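Chain lettering (A, B, C and D) follows the sequence in which the chains are written, and residue indices restart at 1 in each chain.
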Amino acid sequence: MSIQRRTRDQIAARVARDIPEGAYVNLGIGLPTLVANHLPRDREIFLHSENGILGMGPAPAKGEEDWDLINAGKQPVTLLPGGAFFHHADSFAMMRGGHLDICVLGAFQVAVNGDLANWHTGAPDAIPAVGGAMDLAVGAKRTFVMMEHLTKSGESKLVERCTYPLTGVGCVKMVYTDLATIEVTPQGLVALDWADGLDFDELVRLSGVPLRRA
Amino acid sequence: MINKIAASAAAALAGVRDGATVLLGGFGGAGMPDELIDALIEHGARDLVIVSNNAGNGETGIAALLKAGRVRKIVCSFPRQADSHHFDSLYRAGKLELELVPQGNLAERVRAAGAGVGAFYTPTGYGTDLAKGKEVREIGGRMYVLEYPIHGDLALVKAERGDRWGNLTYRKAARNFGPIMASAARCTVAQVYETVELGGLDPEIIVTPGIFVTHVVPVPRSGAREAA
Amino acid sequence: MSIQRRTRDQIAARVARDIPEGAYVNLGIGLPTLVANHLPRDREIFLHSENGILGMGPAPAKGEEDWDLINAGKQPVTLLPGGAFFHHADSFAMMRGGHLDICVLGAFQVAVNGDLANWHTGAPDAIPAVGGAMDLAVGAKRTFVMMEHLTKSGESKLVERCTYPLTGVGCVKMVYTDLATIEVTPQGLVALDWADGLDFDELVRLSGVPLRRA
Amino acid sequence: MINKIAASAAAALAGVRDGATVLLGGFGGAGMPDELIDALIEHGARDLVIVSNNAGNGETGIAALLKAGRVRKIVCSFPRQADSHHFDSLYRAGKLELELVPQGNLAERVRAAGAGVGAFYTPTGYGTDLAKGKEVREIGGRMYVLEYPIHGDLALVKAERGDRWGNLTYRKAARNFGPIMASAARCTVAQVYETVELGGLDPEIIVTPGIFVTHVVPVPRSGAREAA
């Protein structure tokens, strides 16, 4: 059987499974925003947006957009009944103060010790932009990463040591990819589950770093 | 469904342990969570560290907690009041430790705990006895004292209205320390006079978002104390 | 002519003369609260109370007291139209951040360099209480002191060096007493005006510290 | 009588000097004081240091200020956007200095300026290139970086309603950086869609009290830009 790589929606659904009712969660821009579509409707989860929103709801219907009500990616959103607005210092106090249970971020690389690189390729001509990534990475109680397992050229994004500039030191707790779900533990990386048709040894080979079974 | 509205104050405080650091909202009587303090006395926890602006007066609230012998230490800015006799006598008898903190440093240290700030430089208190032994630094030609956050195990605050997600509004100057105390404890319990349906609080006027609140305890607006 | 000591109300009125329209002002507990009664009604001045009030109005009529609306001395007050409430960290940010133009404080002693002692006699059996005094003393743009010139035993409260524990270092700009109005300058104390019937040389003698005429 | 409502944006900005540090509210387009930025361009001040979350996109707001060649340096967290071509080309040509600051440190540094905090220890950025050369310290087993306040000569913010004392309310997530920027500058100018009589804003819902505001500039709600 060939490897059944998980689609972006399947990865998002896998992340959603690990978000319990009542959790305060920040979904980073890009891939992580997909997770919102997979949170079960019967589970109350509080979505935080760095620009001063708690209780963020889904995108508005076409024609109903309010440009004073946007998310971190500057896309229109809605507010659930029970939601609240606050200013930026208060919003980042929620992160830095450890009040968010989970944040989900994209990544270029995750190291075996939980180091995260997701903001800058380090290329000399790249225009750097960090936004709230560094605050989220170290502020949330648990930082989840959602990413493709391999780069376009086939290299593993799980690394011994990040070669891209760091976003945070030792901050990643879980990694969700198209190939596997991996927990970062003090004893190293532990694979919890992996794609259908993928052999564990093959996962280790593709990952290029030590990996244990749960 | 998330419902932070507690069955009773006793239920909300069931997990409090001996030795806990308890942050209390309130300035004088305004915003003082009297009903929650009564429940804390009822609960029986001992060796508490109390962080609040005042050290209680008369026979209720913090004064009653002191009288019951439950407090090991109090961190506050203004313990001396006209009728703070329970504090006065325990303090003079050496039975109560006092950490006196300038009011703005108290507020900022609590805010720092809630905001994840590791420490900060404040101009307040520089060159005074209350900064003795503390690290100082000149920044931009001015002298500052290094102060550290005050984290709570428990915060008790009095708000006006709340909902099942823990969102709170306050009333007038009873707001005072409530919002920052609520942000700085592992468990925050708020007493409210009114609970409303989700969406019943305008999202523009919520002062303490539910992320900072663990339990909401409804109390009657016109208790015996109010009538007294 | 014998010395016409200024009454408390006359001192308060003298302070009020130096508070311009539009000033943001904090009146400390005790003597300074009298100043509010002497602010001209045609001058808009913003009174701040440390417990989270800006735009504080006069005491309510009897029977109209609202115990959720009290001042720093825990006495019932009112709020003017245009007033606002905020929490304690924001309230002291207004002080510490230099947003108040003037605060008026009582004092035990003021030193020639502007050092202030007003919170503790240092007596071994005294119960200390500092409140917001230290924050106000160093936070306001200009700190005014309002006090009796002499102690009950006739010693000057203007001193070369404070013997009581300090509230703030070099923070006092003006001193208003029953005998004189004195400015604290880098070149020392300067008497701006003094009580009727009081000779300047007598003022200097009573003060016990170097004093210049304006 | 105190009346902070300005005759025009131009009048409110008359005192701006070359080289000023200008704090701008807004996150993307929400809360961006476009009309005040237009007036700042019209005013002609040069060599400005701009502090804002983004570095402008399209042809309006900060992008227009950049295009007009008035900015020497920009302090922000997220300059790169889909159509941030004016920033991109100036930056690549070495004609614009960039200080990149993690968004939460940016917010906290501005808040510290408004609150009179001399410096603070933040966990954000520790061990990264953005903390290179900065002082670090271990506090309670965690590593922190020392960060300093960002003071402004001028702050421009977009609010929703204001009164003649300068009290402000905001609308939804357009609040973002507005309240902290307003608190951190020597002169703060707020554009509002509506001015109300004193007392027309509920004292419980005023987000920026007038103490932080120098001038209030009414702007029409449905300008050409909104309709575009």
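Heads up, the rule we're going with is that a contact is a pair of C-beta atoms (placed from the backbone, for glycine too) under 8 Å apart; a residue touches a chain by one contact, two chains touch by 3 or more.
None of these values were measured; they are calculated from a predicted model.
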{"item": "Steps in the shortest chain-to-chain touch route ending at subunit D and beginning at subunit B", "value": "1"}
{"item": "Between the pairs A-B and A-D, the one where more C-beta pairs touch", "value": "A-D"}
{"item": "Euclidean distance of C-alpha centroids - subunit A vs subunit C, Å", "value": "55"}
{"item": "Distance from the mean Cα position of subunit D to that of subunit C, given in whole angstrom", "value": "35"}
{"item": "Distance from subunit D to subunit A - Cα centre to Cα centre, in angstrom", "value": "29"}
{"item": "Subunit D, residues touching no fewer than two other chains", "value": "108, 111, 115-117, 122-123, 170-172, 203-204"}
{"item": "Contacts with two or more other chains, residues of subunit C listed in rising order", "value": "79, 85-86, 89, 92-93, 95-96, 139"}
{"item": "Chain-level touch network, classified as line, ring, star, complete or other", "value": "other"}
{"item": "Complete list of chain pairs which touch one another", "value": "A-B, A-D, B-C, B-D, C-D"}
{"item": "Residues on subunit B engaged by subunit A in the complex (per definition of touch)", "value": "1-2, 111, 113-117, 163-165, 167, 183, 197-199, 201, 203-204, 206, 209-212"}
{"item": "In the complex with subunit D, residue positions of subunit A that touch it", "value": "49-53, 66-70, 74, 79, 85-89, 91-93, 95-96, 120, 125, 127-135, 138-139, 165-169"}
{"item": "Complex contacts: residues of subunit D adjacent to subunit B", "value": "108, 112, 115-123, 137, 139-140, 142, 144, 148, 169-172, 202-205"}
{"item": "Subunit B residues within the subunit C interface of the complex", "value": "27-31, 53, 77-80, 84, 87-88, 91-92, 98, 100-105, 107-108, 110-111, 122-130, 143, 170-180, 207"}
{"item": "Parts of subunit C lying in touch with subunit D, wherever the complex brings them together", "value": "21-22, 24, 44, 46, 48, 54-55, 79-86, 89, 92-100, 139"}
